[in-house]
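Following this message is one structure expressed as structure tokens.
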Amino acid sequence: MTMPSPQPGGVPLQHTSLHQHFDRVRRLSLSLAAPLTDEDCQVQSMPDASPTKWHLAHVTWFFETFILERFESGFRAFDPTFRVLFNSYYQGIGERHPRPQRGLITSPTLAQVKRYRADVDERMSALLAARSDDAELASLVTLGLHHEQQHQELLLTDIKHVLSFNPSHPPYARRWPIGAVNPQALRWHAHEGGLVDVGHDGSTDGAFCFDNETPRHRAFLVPFEIASRPVSNDEFIAFMDDGGYRRPELWLSMGWDWVQAAQREAPMYWQRHGDCWMTHTLQGLVDIDPHTPVCHLSYFEADAYARWAGARLPTETEWEIAARALSRPASVHDNFIERGAFHPVPSAVHGDAQPVQMFGDVWEWTQSNYNPYPGYVPLPGAVGEYNGKFMCNQFVLRGGSCATPAGHVRASYRNFFPPDAQWQFSGLRLAR
Amino acid sequence: MTMPSPQPGGVPLQHTSLHQHFDRVRRLSLSLAAPLTDEDCQVQSMPDASPTKWHLAHVTWFFETFILERFESGFRAFDPTFRVLFNSYYQGIGERHPRPQRGLITSPTLAQVKRYRADVDERMSALLAARSDDAELASLVTLGLHHEQQHQELLLTDIKHVLSFNPSHPPYARRWPIGAVNPQALRWHAHEGGLVDVGHDGSTDGAFCFDNETPRHRAFLVPFEIASRPVSNDEFIAFMDDGGYRRPELWLSMGWDWVQAAQREAPMYWQRHGDCWMTHTLQGLVDIDPHTPVCHLSYFEADAYARWAGARLPTETEWEIAARALSRPASVHDNFIERGAFHPVPSAVHGDAQPVQMFGDVWEWTQSNYNPYPGYVPLPGAVGEYNGKFMCNQFVLRGGSCATPAGHVRASYRNFFPPDAQWQFSGLRLAR
Amino acid sequence: MTMPSPQPGGVPLQHTSLHQHFDRVRRLSLSLAAPLTDEDCQVQSMPDASPTKWHLAHVTWFFETFILERFESGFRAFDPTFRVLFNSYYQGIGERHPRPQRGLITSPTLAQVKRYRADVDERMSALLAARSDDAELASLVTLGLHHEQQHQELLLTDIKHVLSFNPSHPPYARRWPIGAVNPQALRWHAHEGGLVDVGHDGSTDGAFCFDNETPRHRAFLVPFEIASRPVSNDEFIAFMDDGGYRRPELWLSMGWDWVQAAQREAPMYWQRHGDCWMTHTLQGLVDIDPHTPVCHLSYFEADAYARWAGARLPTETEWEIAARALSRPASVHDNFIERGAFHPVPSAVHGDAQPVQMFGDVWEWTQSNYNPYPGYVPLPGAVGEYNGKFMCNQFVLRGGSCATPAGHVRASYRNFFPPDAQWQFSGLRLAR
Amino acid sequence: MTMPSPQPGGVPLQHTSLHQHFDRVRRLSLSLAAPLTDEDCQVQSMPDASPTKWHLAHVTWFFETFILERFESGFRAFDPTFRVLFNSYYQGIGERHPRPQRGLITSPTLAQVKRYRADVDERMSALLAARSDDAELASLVTLGLHHEQQHQELLLTDIKHVLSFNPSHPPYARRWPIGAVNPQALRWHAHEGGLVDVGHDGSTDGAFCFDNETPRHRAFLVPFEIASRPVSNDEFIAFMDDGGYRRPELWLSMGWDWVQAAQREAPMYWQRHGDCWMTHTLQGLVDIDPHTPVCHLSYFEADAYARWAGARLPTETEWEIAARALSRPASVHDNFIERGAFHPVPSAVHGDAQPVQMFGDVWEWTQSNYNPYPGYVPLPGAVGEYNGKFMCNQFVLRGGSCATPAGHVRASYRNFFPPDAQWQFSGLRLAR
């Protein structure tokens, strides 16, 4: 969350004004909610997930609380009760509504939350117009937009979880098939290791980053190889058919307990129908496509698969170095949220020279714990609660997914989840 | 649930046709939901409670499944998936959607459920018109209407629970104050005991009853006295001020564990504001009125209060005999749901001759476990699951509440809840 | 626990002095612990059960606290820390050591507890010798002895539970077979009902009783029949073979949840070995004998069996009236603890005139909740915590078991456990 | 657990034969159990801890299963049931007795376990005498002895936990005070960082190591400083007095939940007595000494303290590099188990040149997750389950404690526990 540059940025900001970018990001949130009923937007299906309505309000609260309250003259809260209701976890802002009860708040309604958004948007527009050269404002707005983009992804993964409880698997989107099958054999790309620099690099990663990507620092790598593409569904089915979920020697001790506690035998959202596997997606219940990257894996499953395959998960440093070696960074040509697939697509051949699907499609579990970089310092104040305090019992995922907005991720971007989390679009890429 | 009479009935049916009664009961359900938003109707706040939308659908499912499916020629289900979604607990009907996940079903929406209601109502109307002299049909319709009335009460207690999570305590209704303060000193009414007959009596209780009120049977009672009115808020506050929640000798062992586990110190929904107590109601957050019957007590609290007061709870037989001695049975003049108070009202003097508020206002805990009467036989088939299978670890409450439809209760009516349940309008009347 | 008679008594006291009886009961406790190692006596296998060492100490604490402290001049506690450590649930005596942690107290050791017993016995002997005509002392001593007898039974059921965790099922006793097989067809004995008197009757039940057996009072019974003997293992196996554990319509709703939560399919302690059933007993792992009363049933299982058999459980009043009609009361000729079987024995023919095995062998679940009799008043003071505060969510069992000391039970004796308890020697006798 | 050397070893083995070392280690286990009663040795106080009796048997099982069964001709198990009963977590060996039920196994008794030890010792002696030049045998015996040393430490921390439940805090040892107070001001020792080699180094760390210390590999370190001694009790009390346990900004998010869930306000085993703090130790209940290293901290507490102090925890690499810079490695002069203090001692001045108490006294939490070193490969077979499968959600601790046998730890030694574990002798040393 360091914002070193006077020109706020990130990839998609390079050719648009901040004001235009603000409008675009804010509109995307509303368009993601558009296919949903008022009832859909109300529901919270587990403590880790939040209602759509809450996401729409919380990201607005962020702009109101961290920007309008500070920069707007004569600031008055849209509704003072929202300060508590839509605070996620910022102890520095005061009391918060309990997370597991977000779905119990029926008032404000979705319609009222949309009015809240319109009101804050209008005031933000006025502010951005009036103070277009205020670098500090620009930095905070950029932070707020990246924050909203993170919640756009969560909005999709959370509503996918809600819809999974409905026996009829109502589709959120209707655009299927989403990609042509084009099987690609797995190849290995070698890296020679040695001293490398890791962490956010403004020259290639864009101007913006979160504080957990800093400081850029030196590390020593032993030589390694990384796979040309993510593990696919048919590869994972081979693991399952080989007794993968029944062999304790393939699992971490904690992972084996996790398998047994819920009698797990397939990735989340998979259902066996006769001899075939189907899966709940945002496009409804569909057949498993063999050549699509497997997703909704926990760390435990990713780790067990890698052990079964005689390989391992990459470290986050290895992943980052491999991503930096690509000829182009993340772009709108990858399978990000803008494509509207809302699901990974089959791996396609892009030539042998370099790995594919490093960005988009599925987040890739690494074997690295989410820890501070050497010399890491959280931002002062409440926004400093963004990252550092979660550095415990979480693993780093890299590369973004089909639910990530284009322009949000980069080579240095660190996502993180506990090892049992499955409801994100999380898969894996092998290393050795 | 025995339906012995060819003329379907119950108190309110005596002067109306069954068809008119059907229309009236069905309309009341919709009018109870009218003040609520789509979001309000979606939410389930605890496993024991259900969403408003679910209540509206489930009672309709009852008519479709137990009546239309049997009596309508060329029956086709409105939506076959509803058979599972809106089955509450009838194992005989097949698979059921898990109770704690009722709030996660966003589809059908509230609008769709209303269309479901309209469709079933239309088909039921046609059936009732065509077969107005079919006694078996009439019996089942009567059962279905009493079933819907039970869910009307639950709809209110469940939505009250939902709204309690909102820090702003949005009112469901706006009619306050709901009764004039008219303090009445507690008096005792003596009964001489001896051999009595208990259970449903068609000549005074109306033609309809549930199976758990039968068979009418003989019992022996020792002499007892019963209080002239329910325990009031100021009396309960005296118990609290005397350390009632801190003195283990006043509590059942299991009740004391219950107090300590959640550090309880007041009835459900009470909040201390400075020196005063306020309470969440369906009319919003209001001051505690001293002369209103205390409610939202668990059995544990009712029992502890009675012990502190040097008295005890009545048995259900004592309560029934006292209720039969009243000069008039339950009527629309009592504080039932039709009054629109949705909260007990202060006790008023009605002369010294007999107890007041036996019917309406608050359900009254008895010391009787919910057990079968001698010779009790459940109805055959799936409707036989209505009552008997819950006869374990529940206590009987008598008399109805401010959320009970007039005409639904009678002297022999047996309601039942586990001893820790608080979210019903449950209070107590002393005996000795 | 009323002690109305100046001559303390109970059946076994009629022909012995209280002093002799004291010595005999106290010795029995030690002899029950004799086959056990120090390790056996230390362990607590679940919160509901207690270590043997704790039982031996707690019953001694009862004499020290309620008798010596009051009657002994110059009383000094054997060890002041024992007052807390060995208080079971008497809030009136002050702080108590947490029940689930009884097995964690390694000091005092078993040897020290035996010294504690010897010291208290010596002082009690002196007191009994010096004040042999003190009726109040005699009453309390009698109460203390009945209390110790209850713990003798618990000592056996608790150590049986401990030993069940050992894969080698070490036997506590070695006396097998314990009874000759002598199958008896089930017959029914009719009672005409009407007004009856229930509760403790000094003329037939002995002078002593607990307070929960009082006051003797009148009740009205409809005619009923009761089975000639308890349900046997082969009858219960027929229930199991008929899908008893897989048919929800046979179970209380709460019972069905209980079955499913633990995937139950047989009584506690049963193990399938190939085509046969074996069971863990205090005599080691043995074959199921078809003609022995089934035991270690929960209330749920007893109730489901009765429903399957087209019958029901008796009420406690019915059971008591049937027991009073026997030609002889409970006696040492029944299968009580003194016989040393520590397991029910096969039912034997005693003539057709009356039911067999009403006393001893297995406690018989009744359908009656454990509630106060009309006019029940607990004793004042801490000993009043003995019974009344447990009158919630428990069912009454009648008749004693193979682990009950002879002379401890009578027709009016009320034992009680929650409906899911299985570790007592609990079976059932049908009624209809 | 690599055993590369033909001469089995480790520090204490350099001047003794393996046979002598075997005898010494085995005797120490028995002498640690000597102060305990049979009852003490039976009890398991939480699922994470094991009974003393189980420790004594399990380490013996290790020799019997992994060595005698393989090397002894005509091998017969001492008791075949022990194979299951005393297997800790080796899936490769087959079925295991459930960990939380270890305290419920009363048979074999302690006396029988001692006979088991004697039998295995005798057979091991014969084997060691007969095959004194078998390198593979020597390697496995060395592994078994290090395994037993780990359980010697656990035996002490587990019995300390058991004794803490006794209100009288019976002392395990009676040697108090255990060290003279000699306050030492905290100083900082700087390291310049750069490329370093980490992991086991046979030339300085002794011949033996566990597999998780390998392979030795290169890493890059930024410059850092490390504190001259562990954090002391008076420093930690200053944190507490400054509201340390009440300020969420000092804690990891997960740590703050942990604090609130149990209302924590001091380290484990601390009790407030009036204005003073006392603590449960293996020497009984004693006053907190201000100059002694604070211990029984969770990772959460260590991390929060470091943040409050404006510093941080060292990484495990930093710790190892600092330890390698000491003029002497771990030795019997440190406060290890052989000293008999069984508690950390006050920090004493050893000159300014280098940190003190790196070895012994308290394990020091590092900020490093317990992860595999680059190129790590577990041993093949069941002994390969020793380390790798626990590499999830655990943090590394370094340096050994007052309960660690001298000669067991070294600079490369990696201990590991989950972040909420407190019952080990765990403290911290600051870095920055």
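The first chain written gets the first letter, and so on, giving A, B, C and D; residue counts start at 1 in each chain.
Keep in mind that, in the parts below, a contact is a pair of C-beta atoms (placed from the backbone, for glycine too) under 8 Å apart; a residue touches a chain by one contact, two chains touch by 3 or more.
Computed from a predicted model, the values in this text were never measured in an experiment.
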Graph separation of chain A and chain C (steps between touching chains): 2
Farthest chain relative to chain C (centres taken as mean CA coordinates): A
Centroid spacing, where centroids are CA-atom means, of chain B and chain D in whole angstrom: 60
Whole-Å gap separating chain A and chain B, where each centre is the average of the chain's CA atoms: 47
Inter-chain centre distance, chain B versus chain C - centres from mean C-alpha coordinates, in Å: 39
Set of chain C residues in contact with two or more other chains: none
Pairs of chains, among all present, that meet the touch criterion: A-B, A-D, B-C, C-D
Residue ranges of chain D touching chain A (in the complex, touch as defined): 89, 91-92, 195, 217-220, 222, 248-249, 251-256, 299-300, 367-369, 371-372, 374-375, 385, 389-393, 419
Footprint of chain C on chain D - complex, ascending: 37-43, 45, 53, 81, 84-85, 97, 101, 103-107, 109-110, 162-163, 165-168, 170
